[in-house]
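Each of the next two complexes has subunit A plus one other chain: subunit B in the first, subunit C in the second.
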Partner chain A sequence: MDSKLDNVAKTIDDIVKQLNGTTLHTQLKRAAQHEGEKSSVQLSSLKSDVIQSLKLSGWEKLLRNEVFRKMHSVQNTLDQAIPFECQKEPLMYMRKAQANWERRILKSMNSMCTELSIPLSRKRPADEQRDLLHKWNEMGTDEPDLSHFRPVYAPKDFLEVITSIRNPNYCSLTGSEIDDRSLNFESHWGLIQVSLQVPSLAELREIFAEFSLSNAHVGLDDSPDFPSDMFQNERNKLAKRVIDEKRSPIAQYFCRRGCPSGFRADLWQIALGVTVGHLDVLKYEQMKGYVLQHDLLVDSLIYKDVKLTSVNDDYYFVFEDYLYQVLLIFSRDTSVLELFSRSSATPPKSYIRVEKSSENVSTDKNTPEPDEQDGQPTKSTGSSVFGKIRIVDDLPDDAIDESDAADHSTGKLGLEEFAVVYPPNGVIPFHGFSMYVTPLCYLYSEPVRLYYVFREFYVRFFHRLHVISSHPQGIVTLCLLFESLLQSFHPTLFRHLQDIGCQPLKIAFKWLVRAFSGYLSTDQLLLLWDRILGFNNLLLLPVLAVAIFLFRQTNLLLVTNVAGVEASLSDLSTLQVIPLLQSVLFHS
Partner chain B sequence: MMSKNVRIGRGYQKKIAGDHRVIRYRCALNNVISDMLKQRLGWVEAKEGEDWDFYWCDVGWLRENFDHIYMEEHVRICHFRNHFELTRKNLMVKNLKRLKKQLERESKSESAKCDFFPMTYELPSEYHIFVEEFKKNPGTVWIMKPIAKSQGKGIFLFRRLKDITEWKKEGYRVNADERKEETKDVETYIVQRYLGNPYLIGGKKFDLRIYVLVTSYIPLKAWLYRDGFARFSNTRFSLDSIDDSYVHLTNVAIQKTAPDYDPEKGCKWSLQQLRHYLTAKHGYESVEEMFQQMNEIFIKSLQSVQKTIINDKHCFELYGYDILLDSNLKLWLLEVNASPSLTASNQEDYDLKFGLLDDAMHIIDMEGRMTGKEKRVGNFDLMWSDGPVYAEDATLDTLGGPSYATNTFLGCHNDRKRQLIQLFRTIQSKKAAASHS
Partner chain C sequence: MNDAESPLSCTIRPTKYLSIGESMFHSGCGVIEILFPNMRPIDIEKISFVNNYTAALSIKMKIAKSASNQTGHTWVTGLKNYQLMPKPHCETGSQSYFHLMSSDFCKQPNEVCALRFILRQPSPNWKTFTLEEIYVHAKKTKDPTNENPKWLESVENLSASEMKPRDQAELKGLPDTEQVSEKMQEILQLAEKTVLSAPNVELGRFDIDGSYEINLLSYT
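What follows is the complex of A and B.
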């Protein structure tokens, strides 16, 4: 009990610390001062009067929303004595797997740089900056030659890595190899072979209790097949009230049963605690300035990804320009780095290096030139470049493979003072990354608002989908939940698919990684994200994936090859999300 | 070509009970329409010079031949004799202005329903009125369109009167070669107040293409197709770059020359997608209201030419309406096309157009299968039949759309194949019942 209280105290302490010195803090102080100066305030009841008037003037609400938002990001640290890396990820083998994965990504990026002779970063000449500024709103009309670029990785590569994770301390009871299924029927049939705790169906029912059939839902009870204006009208009225109320927890709770489409944009924004004030606009403009000043390699990757995914989409192509205005800014946003303190991932770092001939420094810090590094020639176009990226080595030695160790031993890397995170937000986009943004374009037509809502979504949810961790909502857990649910619901189907050489996860993984974006029709996707936001829970993703397999089971049981399975599951655009989720959660 | 006063449709087979007779058709276009006609059961393409029962002709053929042929009762062609009353921009405006004036005498509210076309003048005939209006509205952007050209040819924008006086001098000279016989003297243009606040999605401008089928003008009988699309302009909208014609015009033909045009993409949204998007932004009621506005545009524009068009039971017309949505969710009629493009830009577009034409053929009903009392055929809903057509309450047909006052379901859930099967089944069972009794 004591430790629980301590925890609460610590959380409060952390949040207070985080709020200290923020703009909100200053604003509150000023508002309090203003209230205190009013003649109606008595000296004897100064404190309560001021608090009362802050409540009345709405400041208290803003503070509450901010605290609510911070609660999502505050570390639930049990003990200060626990080392930092263990707080990030308690399981050593997960840490190693993530570190190795990051290494692979960086290697792939480095080799692309070398191959294409492209610097990681390049200062744009003045006229190029002007050009870019001029076409900021129509960056989609620019058609740079990106044929040589390839996405750093695709979900498929990531799946391979995840399925190869093993717990070195695990010992099967029968002593046999895990995948020898004839001997070991109790084992998990799927691809994920680490034992993490996943919720049982009963637990899921408890978490998602509001999904029960006895409740009315947006996305089901307002569907055109059941014209019941009653529910819709009531829901609309309620939505208006929730929006007027402007309280994050209420808005979030409201999302659990779905947002009427006309109110979703506001409801989500309130639920996420995203405010777009004067300062946020300035911040956005500042980051826009950074985009204009420097051309980063990741920009090309972003371009490439948008062209490959959203632009090819029959529906989303319209939003191309918005995607650049969000994703390029995102890559410059250092406030995203904060999430690495509670994620198993580590942002990649690069070392500033200045061309001998040039006086420009490629980052904002004016750093003196370190030694020329590892003799690698850099081909830059007159301006300075970043060197090769490397993760700063705070990892256990055995996580480093030999070639890296060799680099390391040259001793020229790892100079902490010259290290910068690359890209500035620490997130390297992969194939399909832009699909996290596209559905939101449907809701927000102001780039700044769109940006901050996306950032909050990413920081709260999406970053878990491409990082290896044992987090209860991390991608590994989601995969495991998918496999174990499908296995227990319909073992025949699972076995059948396995027999024809098609592990279900191989199909479902891309859905999970993208949170179904680009697979479901947009209205259905938004209904799904309503619930993810409302329950603050990604576990719905695997539940839906299982539901889809069960829904298409008749076909799936008939097909006899991988192509057939892929074909039966290639088009999800006709599916109705809510009844599907209910069918799994509350199937009797 | 045809000699004088040819009789068309002789030698038409008598209908044999339970069997389809052969329908001889001709088709002037080589795109979705010809594909569709080819696959119709019992339809045979007539060779050059042979007799025919159905002709999907172009307007040029109509102009040259219509007065020299005599058509048998059952023969059908796809244009009215003077279709241009609605489809030529200057005449459309003239007709609409006239209707508006008529309605003004009756009631203010009715005439206000005609406020869906921007201020428009014909040049050179109305040049002086235009100049007056121009001076009253400084800073307005105007758009100049040649009346007889389609698909965006010859269109330009201007802000200063100087631009147009220069055009007057040069333009006529340049255009001299292109002049058709029908426009012996100066080419007629219309000048229109340019709609400067279009609704933007993703920063892009778009217009709507909606299909209306008219099977008769007296009495007026018009059908509205549920599906249609929004065509996006490839680049961002801004009035700063007035010379950049790519920005402002959404006609597919013009867009194709944009340097980054990708025909595979098509740059289109279905009406359903648009409806979803707008509902997400503005809520259900506003969007509902907007789609209701659309009905007024169709009906009023058709009524404006009802007495002018020479009604002919052999003729029908499939109009392509171009409509612009502005940022206040108000709709503007840009123009009506008598020969909407039937070339498909991608598979989805192909399916849409194929379905559209197939359904139109069911309504034209060369096969004589319909009862004539249908309110929905495929994705077509009967919207006007000598008066407004009201939607029935939640019958099988109307399920899937919100219950409208009028029988229109633009951009609503549609399932034409299922509807058609059901429709034919009902007709058959009714016929069977009738023959038994």
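What follows is the complex of A and C.
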């Protein structure tokens, strides 16, 4: 009991430290001062009077919402004795797997950079900045040559890495550890061979108790078949009241049974604790300025991803311009870096280059004009901003390490004061990354609001879907939960699929990584994301994946090859999410 | 707990696993013995360690029978089946850091000469199990020989022949020490306040002096 109170005290301490110096803090102090100056306030009861008037004027609600938002991101206990990396990820082999994976991604970026002779970052000349500003709202009309770019990685590459994670201390039951050369029989049927703790069906029922069959849900009980006064009208009225109340915990709880479509945008915004005041708009404009100033290689990756995925989708191609406006800004947003303190990932880092002519450290580096030619010439492109680096044409793959890079550049390598994170938000987009934003475009028509809601969604949920971690809601646990649930519900189906050479996770993985975006129809997807937000839990994703397999089991059991399985599960657009989830969780 | 002493340097014997004769089988039970320097009894404040796939821990303490004029020692159970891994087949808690305070023990760990950690790991999933980086912290004892310097003692204790510091200062033309120390305290408080109220919100700039020309990404 004492340790619990200690934990609560530490959490309060952390949150207060985080709130210290924020805009809300200044506004609260100003409001408190204003209240205190009123003539009706007496000195003897100053504190209680000010607190009372802050409650009445609505400031207390804003503070509560902000504290609720911070509670989602605060770490449990930052014990000084525990090394930071162990607090982010306690298991050593997971840390190693994530580090290797990150190294692979960086290698891929670096090799793309050297092959295409395009710098990772380039300052835009003034006329290019003006052009981009003019066509800011219609960047989709731009058709840059992206044929040489390839996505850094796709979900199937990530799946390969996850399935190859092994615990060196793991001894499978049937394997013999005396003779190391003997076959190590896997004791897990599926692809994931790590023994992470996954919740049982009983535990899932407890967590998702609101899905029980006695509760009415939006997406099920508000269909046109039912008279609207039974559920739909009540739900709409309740939604209006929740929006007027403006309290995050209430809005989040409301989302558990689904949001009526007309109110979803406001409800999500309140539940996430996202406020878009004029300061937030200014910050957005500031980051837009950063986009205009510097052109990053990551921008081309974003363009490529949007063109490949969202534009090809019948439901989402209309939002292409919004996607650029959100994702380009997202890569410049350094506030996203705070999520790395509670994730097993580390943001990629690089060092600022300095001109070769200046020997000493100069702080006023003039970035060169593009038509200036000096320094050593590079390959055929002759682009001068890259002229300061000598590029070695054929780098052997395994020779890329710190010392080699030092030979190739005149940068301030190793000097921490010149270390920067690349991209500024630390997130390198992969194939399909833009699909995290696309469903939100149906809810928010203003880019600023769309941006802040997406950022909060990413920082709270989506970042766990592409990082190797032992977190109870990380992608590895989600995969393991999918496999173990499917095995316990229908072992025959599972073995049948394995026998025909198609591991179920290979098909379900792309659904999980994208949180079903682009696979379900949009209204069903938004119903699913309602619940993810309402329960604050990503465990619904594997439950839905299992439900889909079970729903199509008769078909799947008759199929005899991999192509047939893929064809059977390729079209999910007719599925209804809520009945499927209920059937798995509560249909005995 | 920054005022804890640095951990005692104790001898930690390597883990011995239970076995029957020479046969190799997973007994799921191991023992770690910890001996304290000079075999003198210690009052334990805290024990910290890193788990390495141990599911449950029991601690037996060798207590010196100094009371009731008995010589010799007795083994007492200090901790019984303390769960380190809530589910022994799964990874949760398997490589976590733990701190055991003296309040977690069944019997107060006072006058302890030696410790035996009994490790249990019933799951056959793991090749080995042990504890690492075991540190024992003793309770801090007040040093009776630590005397305050004479000038820190109260002014009233000065004998009549010695001049009080205030009078000495007045002679030399210095201001009153009490007033000076009050003002110093005020300044210190103001300085503390400004330091504490400094905002820790980032400005959001990712470049260095307007430059974001970078090399290739670094692998370390």
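The rule is short, and it goes like this: the second predicted complex is superposed on the first by the 510 of 588 C-alpha atoms of A that agree within 3 Å, B and C clash if a C-alpha of one lies under 4 Å from a C-alpha of the other, contacts with A are read in each partner's own complex, and residues count from 1 in each chain.
Going forward, a contact is a pair of C-beta atoms (placed from the backbone, for glycine too) under 8 Å apart; a residue touches a chain by one contact, two chains touch by 3 or more.
Please read these numbers as outputs of a predicted model, since none were measured by experiment.
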Checklist entry - Of the two partner chains, subunit B (first) and subunit C (second), which one does A:Asp314 touch, if any: first, second, both, or neither? => result first
Checklist entry - Can A:Glu143 be said to touch subunit B (first), subunit C (second), both, or neither? => result first
Next on the checklist: Between subunit B and subunit C, whom does A:Leu443 touch in the aligned arrangement: first, second, both, or neither?
Outcome noted: first
Next on the checklist: Counting residues of subunit A touched by each partner, does subunit B or subunit C come out ahead?
Outcome noted: C
Next on the checklist: Going by the contact rule set out at the top, does A:Thr522 touch subunit B (first), subunit C (second), both, or neither?
Outcome noted: first
Checklist entry - A:Phe263 contacts which: subunit B (first), subunit C (second), both, neither? => result first
Next on the checklist: Just checking: does A:Tyr290 make contact with subunit B only, subunit C only, both, or neither of them? Give me first, second, both or neither.
Outcome noted: second
Checklist entry - Once the shared chain is lined up, is A:Pro424 touching subunit B (first), subunit C (second), both, or neither of them? => result second
Item to check | Touching both subunit B and subunit C, residues of subunit A | outcome: none
Checklist outcome for this item: Per the touch rule above, subunit A residues touching subunit C in the complex are 2, 17-18, 20-22, 79, 81-82, 86, 90-92, 103, 106-107, 109-110, 113-114, 119-123, 167, 169-173, 177-178, 194-198, 283, 286-287, 290, 294, 332-335, 348-353, 363-365, 367, 385, 388-389, 400-402, 405, 408-409, 411, 413, 417-422, 424, 470
Next on the checklist: For a test of understanding, state which residues of subunit C touch subunit A in their complex under the given definition.
Outcome noted: 24, 48, 52-53, 86-87, 89-92, 94-97, 99, 103, 124-128, 196-202, 204-220
Checklist outcome for this item: Interface with subunit A, subunit B side, in the complex: residues 200-204, 232, 234-236, 238, 260, 265-267, 269, 273, 276-277, 279-284, 346, 348, 394, 399-403, 412-413
Item to check | Touching residues (chain side subunit A, partner subunit B) in the complex | outcome: 137-138, 141, 143, 224-225, 227, 232, 236, 260-265, 311-312, 314-315, 317-322, 441-443, 445, 522-523, 526
